[in-house]
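Attaching a single structure in structure tokens format; questions to follow.
As written, the chain order gives the labels A, B, C and D, with residue 1 at the start of each chain.
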Amino acid sequence: MNKIKTIDQAMEYIRDGMTVMIGGFMGIGTPELLIDAMIEKGVKDLTIIANDSGLPDRGVGRLIVNKQVKRIIASHIGLNPETGRQMNSGELIVDLVPQGTLAEQIRAGGAGIGGFLTETGIGTEIEEGKQKIQVNDKIYLLELPMKADVALIRASVIDKLGNVYYRGATRNFNPLIATAADIVIAAAEQVVEVGGIDPSDVMTPGIFVDMIVEGEK
Amino acid sequence: MDDTTAKQRIAKRAARELNDGDVVNLGIGLPTMVANYIPDDVHVILQSENGFVGLGPVPEPGCEDKDIVNAGGKCVTVKQGAAFFDSSVSFGIIRGGHVDTTILGALEVDEKGNLASHMVPGKMVPGMGGAMDLVSGAKKVIITMTHTSKGAPKILKKCTLPLTAAGQVNLIITELAVIEVTKDGLALKEIAPDTTIADILKSTDADVIISEELKVMEV
Amino acid sequence: MDDTTAKQRIAKRAARELNDGDVVNLGIGLPTMVANYIPDDVHVILQSENGFVGLGPVPEPGCEDKDIVNAGGKCVTVKQGAAFFDSSVSFGIIRGGHVDTTILGALEVDEKGNLASHMVPGKMVPGMGGAMDLVSGAKKVIITMTHTSKGAPKILKKCTLPLTAAGQVNLIITELAVIEVTKDGLALKEIAPDTTIADILKSTDADVIISEELKVMEV
Amino acid sequence: MNKIKTIDQAMEYIRDGMTVMIGGFMGIGTPELLIDAMIEKGVKDLTIIANDSGLPDRGVGRLIVNKQVKRIIASHIGLNPETGRQMNSGELIVDLVPQGTLAEQIRAGGAGIGGFLTETGIGTEIEEGKQKIQVNDKIYLLELPMKADVALIRASVIDKLGNVYYRGATRNFNPLIATAADIVIAAAEQVVEVGGIDPSDVMTPGIFVDMIVEGEK
């Protein structure tokens, strides 16, 4: 099973209207190669799930500037003024989610957890529309799992089976989204042979990765 | 006092709240400045919510590693003994009570320890990022901010902006005062040498209890 | 048929259920034997719930690594391209539906696809280990077991022992038959060449639907 | 802050009646050095939380054989016949928990999650006494977090700040329990200087580890 694909082969799996999770934190750890290709393909009406909306010229932000996104679920949109502008003008739906809750919702989606209880957001607008559950005199919000059609991750090093090693702080949401989508596409900075990553150093097991595209910078 | 001097004073005072061995998360902006004033004999471990403990100083130009950035997306370094992890582990640390102290900025704080820091509806909506999880999860929440904004009080009877967290703030440090959130209300613990109680009360909307052990703030 | 021959036949037939690229978890005992019969052109990735994918063969004596064991605590090897992880990640894989097929043993299975495999109250209570999570989480659950125990049927109208999972079994493979759990009941899909339908019905407590495409089991 | 302690210093933190989480899977990844010391100290009436009850001569099993345990919460007790014997005779309380649920309960305890929803155990005796919660027509069990007074972990390599690297399959429950106890004691196979473990290879950050005892085999 050869997981190495051309960018065009990978793009066949990203279509208008899909829900796409994208790794990265303020653009660091985001697969820019796949953003480039999505812009070139012009895929539209996307729902994006990501930590943040990037910068106007970096990461997820470029898809927003190019008006390919109809909705974004993220914890922070402050570094991309265009996100706020489109939100205020009604062009874009923005769902703001506390960062820890967002990470845990994606993990839950990938790990088959039906929901989890958290104190984060109690007493704030985040409560709206959510079940509250009492356990031993404490009130929690029930937060539900998140999944996506496609997840786009950025691998610092990947072997041909799809085992991933993320350098430094590029890890962030990447290992989480890799578990929570029907199709997982990795943009790779470096591809190595099977056996080139020590089994103890693997951060995303290859069983989660469907496709590898080379050429990420 | 100019803004820079005020912020330096606040950061310096906040640094004195940190204890040797503490795990600390510093918000973006003024809170980040606190790192510059931590005494040499106090070793704290800085957590960066984008995925590591052991945050070090800003690198020399030319020595930046593009893969090592802080929660503001800025190039940083890590110290020896640092550890990287993913975002679910990072917020497990935060939510699980393993951060001793978080120091954050604020737009408004009120008598109940409520905090508004993440949005001004219709104007500025950056999002809460990790702030809601941090203030819910950290053992101690310190708010650092200038006492007023264009003359308007930021310490209120009741927050007017959407809350970032309800009843989670422990301590407020401004250029004028150190105020503790107690179950009886806001207690003025320290006053800056260049102000008066009358001035503080005038620039504070909330009711303030003058602590019996009121001290002069070291600046 | 002796017990060893029966088990070999079951393991061999079960191996044919696996597809190239599948992530597979094999239970302790008979299911572990399945690995010996996987065709050369079918590459499956074996998951070991104690914390890795890429389970390899048993090592040569003297080449054991004390830190690499399977879920039965026995020394094993890992293949190139394996990955180790902790128990929460391991069960995230299992619970999250990332295991294509799990092959497990059983004490009893019934018409509703209920499974009893982890205890005989007052007698044998080893505990469920990872079995409850596996049968809830895996996409396909195959039960491999001898058709009867000391002559008593193990495929029942209704399980008598405490359940390990309700309605999760997809396929039952014994030395006599291959039986699919359908919404209409148990469907006999294959019959061993050395038995008869009458014999199978006699040694099965549950009602069995004879499939229209009934085939002879390859042994 | 020197985290390296003698075994006697570490044992001061383990007292009669405490709840103790112990890493390992069938004894692999269990800190035998600390089990030795608990046996020598004779600490009793313990509640143990662990994947399994080990073997009679290995891991947690030795504490059970030595009758120091009043209750064990585990997923499997089959390899230690003494556990079953003491359970049947009423000397020992055994709470059997599905392995994935147990791992997730401990993770939840450490990560400040108030509870989580799972399908594991639906329709079985595991349901008893638990809240059932419906989300989108599906019924889940609400499982609650677990914490302990002390966690005992086994580090293959540890630096002097307490950053841990676990070799092979010794990782199992160790990183989870390290997050979920008031005091965490690591028995170390190998202690290295700070900086001796690459920050990307750390599996338990040192902030979780209170004490390091050398001499684990």
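The rule we apply is simple: a contact is a pair of C-beta atoms (placed from the backbone, for glycine too) under 8 Å apart; a residue touches a chain by one contact, two chains touch by 3 or more.
The structure displayed is predicted, hence computed values, not measured ones.
Shared contact partners of subunit B and subunit D are A.
Taking A-C and C-D together, the chain pair joined by more C-beta contacts is C-D.
Centres computed as Cα averages put subunit A at a distance of 32 Å from subunit D.
One finds 35 Å separating the Cα centroids of subunit A and subunit C. In whole angstrom, the spacing between the mean C-alpha positions of subunit C and subunit D is 29. Note: centroid distance subunit B to subunit C, computed from Cα atoms, is 55 Å. Chain contacts: subunit B has residues 52, 78, 84-85, 88, 91, 94-95, 137 touching two or more partner chains. Across the assembly, subunit A contributes residues 104, 107, 111-113, 118-119, 167-168, 199-200 that each touch 2 or more other chains. The chain pairs satisfying the stated touch condition come to A-B, A-C, A-D, B-D, C-D. Against subunit C, in their complex, subunit A makes its touches with residues 1, 107, 109-113, 159, 161, 163, 179, 194-195, 199-200, 202, 205-208. Across the complex, subunit B meets subunit A through its residues 48-52, 65-69, 71-73, 78, 84-88, 90-91, 94-95, 114, 122, 124-133, 136-137, 162-167. Residues 25-29, 51-52, 55, 74-79, 84, 87-88, 94, 96, 98-101, 103-104, 106-107, 118-126, 156, 167-176, 203 of subunit A touch subunit B in their complex. Of all the residues in subunit C, the ones that touch subunit A in their complex are 20-21, 23, 43, 45, 47, 52-54, 78, 80-85, 88, 91-98, 137. Listed in rising order, the residues of subunit A touching subunit D in the complex are 104, 108, 111-119, 131, 133, 135, 138, 140, 142, 144, 165-168, 199-201.
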